[in-house]
Every structure is written in C-alpha cells, then in structure tokens.
Amino acid sequence: MKEQLPALIVIVPLLIALLSPLVAYFSTRLLRGLGLTAAAVSFVSAVGALGHALTKGPWHYYFGNWAPPWGIEYVIDPLSGLMAVLVSFLSLVVLIYTDSFLREEGWLKQGIHYALYLLLTAGLLGMTVTGDVFNLYVFLEISSLSAYGLIASGGYKATVSAFRYVLVGTVGASFYLLGVGYLYAITGSLNMADLTVRLQPLLDSQAVLIAMVLILVGMGIKMALFPLHGWLPDAYTYSPPAAIPFIAGVMTKVMAYVLLRYFFFIFGVLNGFVPLVLEVVGWIAALGIILASVMAIAQSDFRRMLAFSSVAQVGYIGLGLSLGNMFGFIGAVFHIINHAIMKCCLFLVAGGVKWKTGEHLIEKYAEMSRRMPLTMGAFLLGAFSMVGIPPTAGFFSKWYLILGAIEKDLWIYVVVIILSSLLNAIYFFRVIEQAYLKKAPVAEREKFVEDKKPELPATMLVPIVVLGACILVVGILNEPLVSNILLMAFPGGGL
Amino acid sequence: MSMEFLLAYRPLWAILISLVAAALIMLTGDKRPNLRETWTIVAAVGKMLIVFSMLPLVLAGGVIEIEPFKIARGVSLHLRADAAGMVFAVLASFLWVVTSFYSIGYMRKLQEEHQTGYFACFAVCLSATMGIAFAANLLTFFVFYEILTIATYPLVVHHRDQESIKAGRKYLAYTLIAGQLFLVGILWVQFLVGHGDFQPGGFLAGKASVGALQTIFLLMTLGTAVKAGVMPVHGWLPSAMVAPTPVSALLHAVAVVKAGAFGIVRIVGYVFGPQLLAQLGVAQILAWFAAFTIIVSSLIAMAQDNLKKRLAFSTIGQLSYVVLGAALLTPLGIMGGIFHIVAHAVMKITLFFCAGAIFATTQLTRVSELNGIGREMPYTMGAFTVGAVGITGLPFIVGFISKWNLALGSLQGGQGVYVGVLLLSSLLSAAYFLPIVYAAFFKKSEPQVAKHHCGEANKMMLIPLLITAAVSIVLGVFPNAGGGLYDLAAMSAQSIVSGQFMVGGW
Amino acid sequence: MRELFTEHLIYWLILFLFMLGPYGMIFKKNLVKKLMSMNIMQVAVILFFLALGQKTGGTIPINLPGLIGAEHYINPLPHTLMLTAIVVSLATLGVSLGLLLTVQKRYGTLEEDELLRRMNQ
Amino acid sequence: MKFVRAGALLVVVVMTVVLFIGAGALPAIYNPQSPASTHVSDRYIEKSVEETGSLNFVTAVLADYRGYDTLGETTVIFTAGLAAVVLLRSAQKADSRGKKVPLAKAGKGMSERFGTIVLNTAARFVIPFVTLYGVYVLVGGGEGNPGGGFQSGAVLAIAIIISRLVYGEGAAFNISGDLALILAGIGTFIYAFVGVLTLLWGGNFLEYGIAPFLMSAAEKHSLGISGIEIGVTLCVMATIIAIFDALARKEEVS
C-alpha cells in the first residue's frame, strides 16, 4: 500500500464522506470516529508523500495506469506535498473543533455536515496534488459546492450570502474553465507537465495571454483577490461557526496555490507576456492590501473584520506571486502556510467566543481575557503574527516578501507591506485593548465569575491552543522549512 | 550535558532563564504570591550570576559566541557576549535584582491588582534586554527589540484606566512605526551584504552608493532613536510615566530607552563604523539632534511640576548624552557614551525609586508639594540628593566620569562646541533638580506633609534605593568596581575604532 | 479575410454569450435573472469546448467497423469533459435554485434591493 | 454606488473586446490538423476499442482513460444532493416567525385529491415500463447504442417521482428522503470501491486491467466500466429523489 500514497490522500476522505449518511444512520459516535480517522490517514499519507518527494524527487502517480497526456496523474513535488500536508493538518484540527458544535444536531444533519466537510477536504486536497488541469476544475467544483452547502446551512442571512457566493464562485470557475479551453485549443493536452513543454514555443501568441488573463480572473475571484472579493465578507460573517474556520483558512489559499502553480511552473515567470501580467497583478494586490486593511479597521463585527483582513493577506500572496523571483516565491508560499494557520486559529477563537458568550461585536469582547485566558492567548499569538511581530510566523513571510521586493527594486511594494503591517496593528490592537484592558459591564461580570465550567470544552480548546502554538513553531522553525522544502519547490531548484 | 556546552551557551541561558521564570509566574498566578515573587528573585539572581560569570573572560579580551540555530534563510540566531554587550547586560541584570525587591515592596504597599501579569511581563522584558545586549546580527537584534516593545506595552497600560490606555496607544504608535522603519533598513542591509553580522568598525563600507547608505543610516537611527527618546520622536516617553514607578524606573531609565541608545551605539560602531560615517557626514546631523535634545529637554524639565514627568524629560536629555557620545565618532567620546549608559542608569533609577517611595508613602506626586519632605523621609531624600547631584555632574559621583570622557571625546574630535553643550546642560540640570532638594530639606513642611507623619518608606523600598545611591558613589570613585564596567566601555570603544574584537585591557 | 470570418465566427458568438454572463449578473436586479446569466455563461464554455472538437468529415465518436483512423471521427475528449461540465452546471443550478426557494420563502421577494432592505430591518 | 456599476460595465466591455481580438489567435475550427485533434485524441480513437472494450470512444474516455474525472463528477452530484437537502430541510425546520411552513403543499398524492381512476391505471401501466427502460439504458449501452449511468439514473428517478406524485408520500414504489441520500452515498461509494478493489489487487487506482479474473484485457476493462456505471446510476437516481423529496416534504420529521 506504500506506493499508493498519493491516491490515498484524496480517496480516503472521499470514501468516508460518501459513507457518512449511511454511518450516521447507525451511530453518530462511529461517524465522528470514522471522520477523524479519515482526516488522520489523509494527513499521515500526505506527510509520507512529502517525505518521498523530498528524498526521491517528484512522485508521479497514474490513475488507471494510463501514461500522462492520456490519463490523469497526481504529481507530489515539494510544493504540492507541503500544501497537502498543510490542508490535511488543518482539516484534522478543525474537524476535532467542530465536534462540539454538532453534538445536539439530528443524525441526518450530522451525517450531511461530516460528508460536506470531508468532501471539502478531499476537493481541496485533490486540487493541490493533481497534475491535470481539468481534474483540477472537477475538484474545484467539489470543494466549492461543499463550501456552498456548509455556508448555506447557517440560517437565512447565510442563505443570501451563500447564493451570492454560488453566483460569483461559478463565474470564477467558468472563467477558469474557459482559460483551460484556450490552453487545450492551442496545445491539445490537459496534463500540466505536457502543457509546460508544448507552451514554450507559443508563449508570445495572444491566445496564451488571454488564457493567462482568464485563469487569473477565475482564480482571482475564488481567491478573493482585491477587486473580485465582493462575496467574501458576507459569506464569512453569516456562515455557521462550525464550518467557517476551515473554509476561511484554507480555501482561498489553495486557489492562490493554483495561481502559483500556473504562473511559476506552467507559464514560466520570465517569458512572453507573463512579466506584464504579473506586474498588473502586483499593482492590484498592493492596492488591495491597503484598501482592505482600511476597510477592516472600519468593522465592528469581529468576523467581518477578519474577513477583510483575509482579503488584505491574500493581497500579500498576490504580491509575492507578482515579484516572480525566488524570495517572492518563498514569501508567497510561506505566507500561504502562515495565513492558513493564523486565519484558521482566529476564526476558531471567534467561534469559541460565540459558543461561550454568543457575542460577535468587538465591544462585547470586554474583559474576555479573564473569562477565556487560553483562547485569548491563542488570539494574541495570531494577532501578533498578523501584525508581523518577530518571533511569530507572520513576520518571516513579510521578511522574505520585502527582501524579494528590494531585490526587484520595487520600493512601492516595500512601503505597502510596511503600511499594511501598521494598519493591521491598528485593528488588532483595538481588539486586544478590548479583550485585555477594558472592564466588562458589571452585570456580565457576575455572570461569568460564578460559572465554574472550563472556558471551552476540551475538543474546542485543544485545536485553538495547538494552532496558536503552531504559529510560533512555524515562525521559529521557518529556516529548515524554507531551505529544505521551499527552495526545492522553486522551479529553478535550490538556487 | 558536558560542562563545556553549559559554559559556551551562557548568553542563551541568560536570555532563557527569565522566559522560564515568566512562564512559571503565569502558572503560579495570584493564588500564591510569595511563590510567584520567589520565581522573580531566583531568575534575577540567576541571570546576574550567569552574566557576571562571563565577565572575567570578556575582561581578558575574549568573546563568547554561539549560533544555536538559523532563524531565516541565510541568517542565524547569532549571540555574542562582547565588551559593549557585557556593559549593557551587567547593568541590566544587576539593576533587575534591585528592582525586583523594590517592585515587590511597591506592589505590596499599593495593593495593585494584575500583579501576575506585571511580574511576567517584567521577566519577558528582561530576557528581551539580554537578547538585545548579546545580539550579534541585525535580525537577532530586531527580534528581541520587537519582543521588548510588545512586552513593555502591558506594563505601560498597567493601571487599565483611560489615561494609561491612551498612553499605551501613543507608545505603540511610536515604537511600531519605528520598528517597521528599522526593519526596512535591516532588510536593505541584508540584501546589499547578504548578512547582518555586527563587525567592530562596520561592514558597510563600499557596499552601496552614498545616497543608499545615508538612507539606510536614516532608517536605522530613526528606528532606534524613537526608543532612545531623541527630541522630535520622544513623545511617548513622558506620557508613558502613567506606568507604575518600578516600570518607569527599570524600563524607562534602563531597559527600553537604553535599548534604543545601545542600538545607536551598535549601528554607529558595529554596522557603519566611524570611518564610513565620517565620510557620509551624517554623524554630524545626529550629534546636532542629540545636542538639541539635551538642551531643550532640560528646559522643558524645569517647567514640569509632576516629579515623574520632570525625571522623564531629564532621562530624555541624559540619553542624548549617549547618542552624542556615539555621534562624536572619537574613541573617548564613544567610551564616554557607553559608560554614560551605566552612569545614567544607576543615578536615574535611584531618582525614580525615590519618587516611587515618596508616592507610595505620602501619595504626593507634585514637586510643589514636596516642601519639608526631607525631614520626614531623610534617607530617601538623601539618596535623591546623591542622584540629583550626580546627574548635574558633581565629581566623585559616577555621572562626572562619563561627562568628563564625553568632553574629552568632543575635544579629541575637534568639536569643542559640545563641551559648551555639556556644561550648559549641567547648569540646566542643576536648575531643575536643586530646587527640589532645597525645598525638601530647608523649606517649612507643607501642612498635609506634616499631618501625615508617615516616616520613612518601608524597608523593601528603602534598601534598594540606598544600594543604588551607594553604587553611584562607589562607581564615581572607583569606576572599575564591581564589574570593571569602565574597562569594558574602554575596550568596546577601542575595538570599534581599531576594528577587531580581541583587544587588550585599557 | 474570408477564412478569418468563417473559421472564427463561432468563437465570437461563444465569447459574446460568455460575456453576457457577468453582464447579466452585475446589472440584472432579479436574482433568478442573475442565475440565468450564470447558466448562460456555463453553456457558452460548454459550446466552446465542443467547437474545438469538430473535424470536417468526422462522424460521431462511436466505432464503425469499416472506419479506421482518427480523421474520420470527431474528437471525443471535449465531449467527455463537457459531460462533466454539464453535470457540474446542473449541480450548481440545483443548489442555487434551492437557495432561491429558501430566500423567497423567508423574505418573500427575489428583487435584490427589496431583499437587502428586508434583510437589514 | 453609481460609480461602481459604471466601473463594472467598463470592465465587462473591455474584457469582451479583448476576448474578441484574442479569438483570432485560436486555431481554426473544423480542421483535422488542429492541435486539439492531433495531440491526444488520436490514441483514444485508434486504441480505445482494443484497450477498453467499449465501442463508444466517449464512454471509453469517460469511464476508463479519465475515469477519475467521472468519479469527481459523480461526487459533484452527490455533493449537490447533500447541499440541496441540508438547505431545504433547514428552511422548513423553524421559520423566523416560528411557524412550520412546508415548502410545497403536496404531501398527499394527486390521485387522492382528484380521486379519478385514470391516474391510477395510467401510473400502474407507465411506471414498470419506465423502470424497465431505465434498466435497459444502463445494461444495453454495450453495442454502440447510446446509454450509460447518468441517463439510466435519471430515467429510474422519473419512475419513482411519478409514483410519488400520483400516490403521495405513502406510495408503495417509493424511496424515503433520508434513504435516498444514503443510497446516493452508496452509489458513488460503489464507483470508488471499484477503484479501491483495483488498489487491493495491486494496481493503481481504477486500473481495471489488474483484475485477477481469467479474461482478456478488453473484457476486464468493460467489466470495470459496467461496475462504475452501476454506481453512477444509483447515485444519480438517489440524488434526484432526495432533492425532490426535500422539496415535496410536508412536515419536518426528525
């Protein structure tokens, strides 16, 4: 079974998802157990695949044993392996977290929720490891549909925002599919490696430029790059707290990864129209970072603030993509990892506070640090990481991004990153002040002084603390991560 | 673990010991205050022992250098106990021991709440200060620099009232912006040179165009000058006086502000180097800013009625002595600057301790209310007089020695005007300190002071304050007493000017 | 000029249909009309792929005993891909119609402005 | 708000013009030498009969060469079923005004309400043939005539929906909503399980040729293809019924 690892990463969660309604009919405890084992097996096989890729080079796995341009293949190289490990790890952690939200739901609702969640995991994992552009579209649709389902199950306002998310998401997917159509029209193949080879002579033709723009717009919509982010704030604000940490943390990042895969590997960063397109992406991302950070300051609802800060952080990844050099690539990929962990942790904290107090508005967070010390501790780490305070991971992705920007002599980007760090500081310290310094109204204080229950059930508190610790660990251990994995992943190899 | 490994990694243990203590303090919490306080004292004493154990080796000209692990691509967490670093480390660790006892007494006397958070943040601040002292490359320096910024914020907003929250915001605005500017400078150097390791005599010569080097110098000095309280960017320091007095004493007299001054010394001595700065001509501008700060801050100090605000502006002025020393680019000037870090720290901490003692016992904060306090609290005011007179530059108190070297340094550099600045500032500091001493001892005591008859401050606060006063006198007479700080300062100045680490005793 | 016209006319028609999607979605007020424009967009992409697969003189891609050689049959790959794309568009249409049904039942309207007003009450 | 709409219109118009100009660079349609028709598809056409044993090239590509895509596609249907059911179910549970408002009024079958004999006899006659035809479409797809999992699933679902419409919820020939959802999961699971079987036999996922039966490669492949077709049929049928049931359900039971 050892040599089937790439398939297992995606197949195991898929299989368990398909059986979820059936298993839920018999016993929801068995369902929880199976769900956790599925995520755990997927995580272990992702780690194994990454290990194999690092030691023995990229791993090509042919489905149905058909050679690539004809059949579909999975490619585990350091980049996709690392992303698979990230996605499966976060899926495992958030799955443990959602357990207590579903405790009192009916068996069918639980079965459907586990099925949708595991399908979302399988869809995202499928997108990261696939080597076939159309297969990527299919798994994009699986993850999107399960995300629509998860978001829509959260009450009426969620339904309206889910509808807008469906519309915009499908427009994005159609743009991407037309882009794939253009590529298929001029090269005749759907396999990424084959595409790269056959595109080399054609890189100056207009059709490739149009394909680039289409894929960029398509994935830009799904990734919530600045002008195309309209759907994100409502979708994140009104969705149920059980589903949103994983969607917010990982979905937009996998879409950003797809753009990285296209622009760094398939189109190649230096030839044809790519530098021109990337420069436009850079300017849009820079504008997006500033405006989204400013909008985040204006929010009073904690989750909406996090949503706008997500749009800003995705701008960083866009910036790293547009730099095109080694440090830009390292900064972008490292920021994908950091931001996935940070955003997941912050939304877990938001969900935890909602579970404990039912509050979302920031001014209701008064004296929260006394009631939920560990949760707010993890929030503190996440906030410092978003602002970019050194020992945490967020600082080091800014370190590489600015280094890449200086290397390309693009000083405007340096100013933008610095300015946005300060804007982040403004809206995060506002929440820190509220949670740590302000006094709660007297009525509320008696309420929480005498309830002796632990701040959160263990199944919720452990993921929050684990992710908080991860932020610090990834920050401190970023050098081995960068030198061993990211440098190997860069198309030019370890420069 | 082999003994050799233990000894070689001492700088790292010095940093980690108080981090561990901070964790233990948070764990013990408010339930067992005595146990919590022992953690602080154990950590303080332990840190002092570790630091002092490294002294003989460094005094002999040696250097302890380790790179435990890499923190970013091509950059490692590089710690080095060299002469300049030891000066700051010895000073900070010694004064932390004293401040720990003082703050226990102060906190117990005023029954402050949130004491667990207070002591934990204090411990983290001190570990960051050690990190700054021992940092051997720009990124390590910056990592601990930012940790210090964040760890000081809870101490500034300790009282949780509206005024301290506003002061906290101001503090964060200044220091975070400075941190980001400093970061851009570091990244530019990292890009130009590929590493950021401190090299006595500087490593940037010829690495980029003059314009680029000047901008980098501007970015870096702006980043550190905010913490060093150089005039245009000093705004946060007076408003941070809302913090409890032990915080103002140790952090705003020793740890945080000195980190900024020490940063400028590092940049001038170990990143750019005197020769390069002379060519760039930017050191002159820095010297003017420092001189401007010395004079103007002394003038403003005179107008301050709140005792702690007056001490704050005096700190701003005295810190610019260090900046001036560094900016003179002459061996004696740099040595004077580095030694002034020690001198000012010891004297100013005494003054802040006195201010705290007076506040704790009589709730008085305004200078105008202190008439006749000398008779009520003779020892406190005695120590206050020693500190005040020391700052004005009276011989046989440590302030005089550093001021003497600074004057010599400015003459050595041919910039006599700064001698005038130093003399004028001595007069001005006399103008804002001596009236307090005179009022305290010779003026008839105010009705509410007499009514109190509260007598001396309690023992836990009085002893530290007397110790620091005694130290400032002892150091005034024997500058090398206790830790050979004078030699260390001389050695670091010598190594900066000559350009290599191993340098014989002065 | 003639062959540019004959060989690329179909592309322009498809692209016009394709861009009708975002236009309708942004400017139409009724949610169902937005949904219809989304579906038009998906159909346009499906047509694009099928247009790629055509060959002059190619029959349907089922193996006739006599006929050997690739030029006799049209390209089966786009048709397979578009089977999947059609199913995907069916799925998204189904889910969004379900969404619209719920929204209509709860808020009683499908006009965007009216809906926003009622939601924010 | 006005400014944003004008901006959006401008972007759409510019995008259209750019696409129109770019369309010229695309290969001419209908020419057999275009990259799309020469690079990959020629092998599908020439070798699919002896490699996969299916006369219909599209089925060959759909179920064998790119079989994994179709597994994804079937999962998409299942996901759509899940999403629709969870959506429509939660809509009925508690309306914001607290009343239980069923989505559709149906519940009772048309025959009870209208009570005529015509409906019953027609239904009794139509349903078996529709079911039979559905099964034929699945099984008969071999000799080159059209057929396959998706179409037969849809036809079978129609049979059950007719009986639901005519006889109402209590219809004999009926699958309940919850069971339908479970069946949809099982259907796609059958598809994936065929792949897992090939894994257990030592081949890659969905490698039909590895089956240890004593058959020629082509027959193994066609066996595999029919295996997944059954899964697809079950999934499509069950999903359509699940969505129909969520719409027509009277009261929220669980």
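Letters are used for the chains, namely A, B, C and D, taken in the order the chains are written, and counting of residues starts over at 1 for each.
Just so it is clear, contacts are C-beta pairs under 8 Å (C-beta built on N, C-alpha and C of every residue); 3 or more make two chains touch, one makes a residue touch a chain.
Since we're looking at a predicted model, the values are computed, not measured.
Novice: Quick check: more C-beta contact pairs in A-C or C-D?
Specialist: Spelling it out, more C-beta pairs touch across C-D than across the other pair.
Novice: Could you put a whole-Å number on the gap between the CA centroids of subunit A and subunit D?
Specialist: The computed centroid separation for subunit A versus subunit D comes out at 30 Å.
Novice: State, to the nearest whole Å, the distance from the C-alpha centre of subunit C to the C-alpha centre of subunit D.
Specialist: Roughly 17 Å, centre to centre.
Novice: Rounded to the nearest whole Å, what is the centre-to-centre distance of subunit B and subunit D, using the mean of the C-alpha atoms as each centre?
Specialist: About 73 Å, centre to centre.
Novice: Can you list every residue of subunit D that touches 2 or more other chains, as numbers and ranges?
Specialist: Correct list: 15, 19, 24, 26, 34, 36-38, 40-41, 44, 66, 69, 72-73, 76, 79-80, 83, 87, 91, 96.
Novice: Specify, in ascending order, the residues of subunit A that touch 2 or more different other chains.
Specialist: Each of 134, 138, 141, 145, 148-149, 152, 156, 159, 184-185, 190 in subunit A touches at least two other chains.
Novice: Dump the list of chain pairs that touch, please.
Specialist: A-B, A-C, A-D, C-D
Novice: Can you name the residues of subunit B that touch subunit A in the complex?
Specialist: Subunit B reaches subunit A through residues 69-73, 75-76, 139, 142-143, 146-147, 149-150, 154, 157, 160, 165, 168-169, 172, 176-177, 180-181, 183-184, 187-188, 190-191.
Novice: Write out the stretch or stretches of subunit D touching subunit C in their complex.
Specialist: 5, 8-9, 12, 15-16, 19-20, 23-24, 26, 28-32, 34, 36-38, 40-42, 44-46, 48-49, 55-58, 60-62, 66, 69-70, 72-73, 76-77, 79-80, 83-84, 87-88, 91, 95-96, 101, 103, 144, 150, 243, 246-247
Novice: How about subunit A: which of its residues touch subunit D in the complex?
Specialist: Result: residues 1, 4, 7, 11, 14-15, 17-22, 25, 61-66, 69-72, 106-109, 111-113, 115-116, 119, 122, 126, 134-135, 138-139, 141-142, 145-146, 148-149, 152-153, 155-156, 159, 182, 184-190, 198, 205-207, 209-210, 213, 217 of subunit A touch subunit D.
Novice: Note which residues of subunit C are touching subunit D in the complex, please.
Specialist: Residues of subunit C touching subunit D: 3-4, 7-8, 10-12, 15-16, 18-19, 22-23, 26-27, 51-58, 61-63, 68-71, 73-81, 83-84, 87-88, 90-92, 94-95, 98-99, 101-102, 105-106.
Novice: Report the residues of subunit C in contact with subunit A in the complex, numbered from low to high.
Specialist: 18, 21-22, 25, 31, 34-35, 38, 41-42, 44-45, 48-49, 52, 77-78, 81, 84-85, 88-89, 91-92, 95-96, 99-100, 102-103, 106-107, 115, 119
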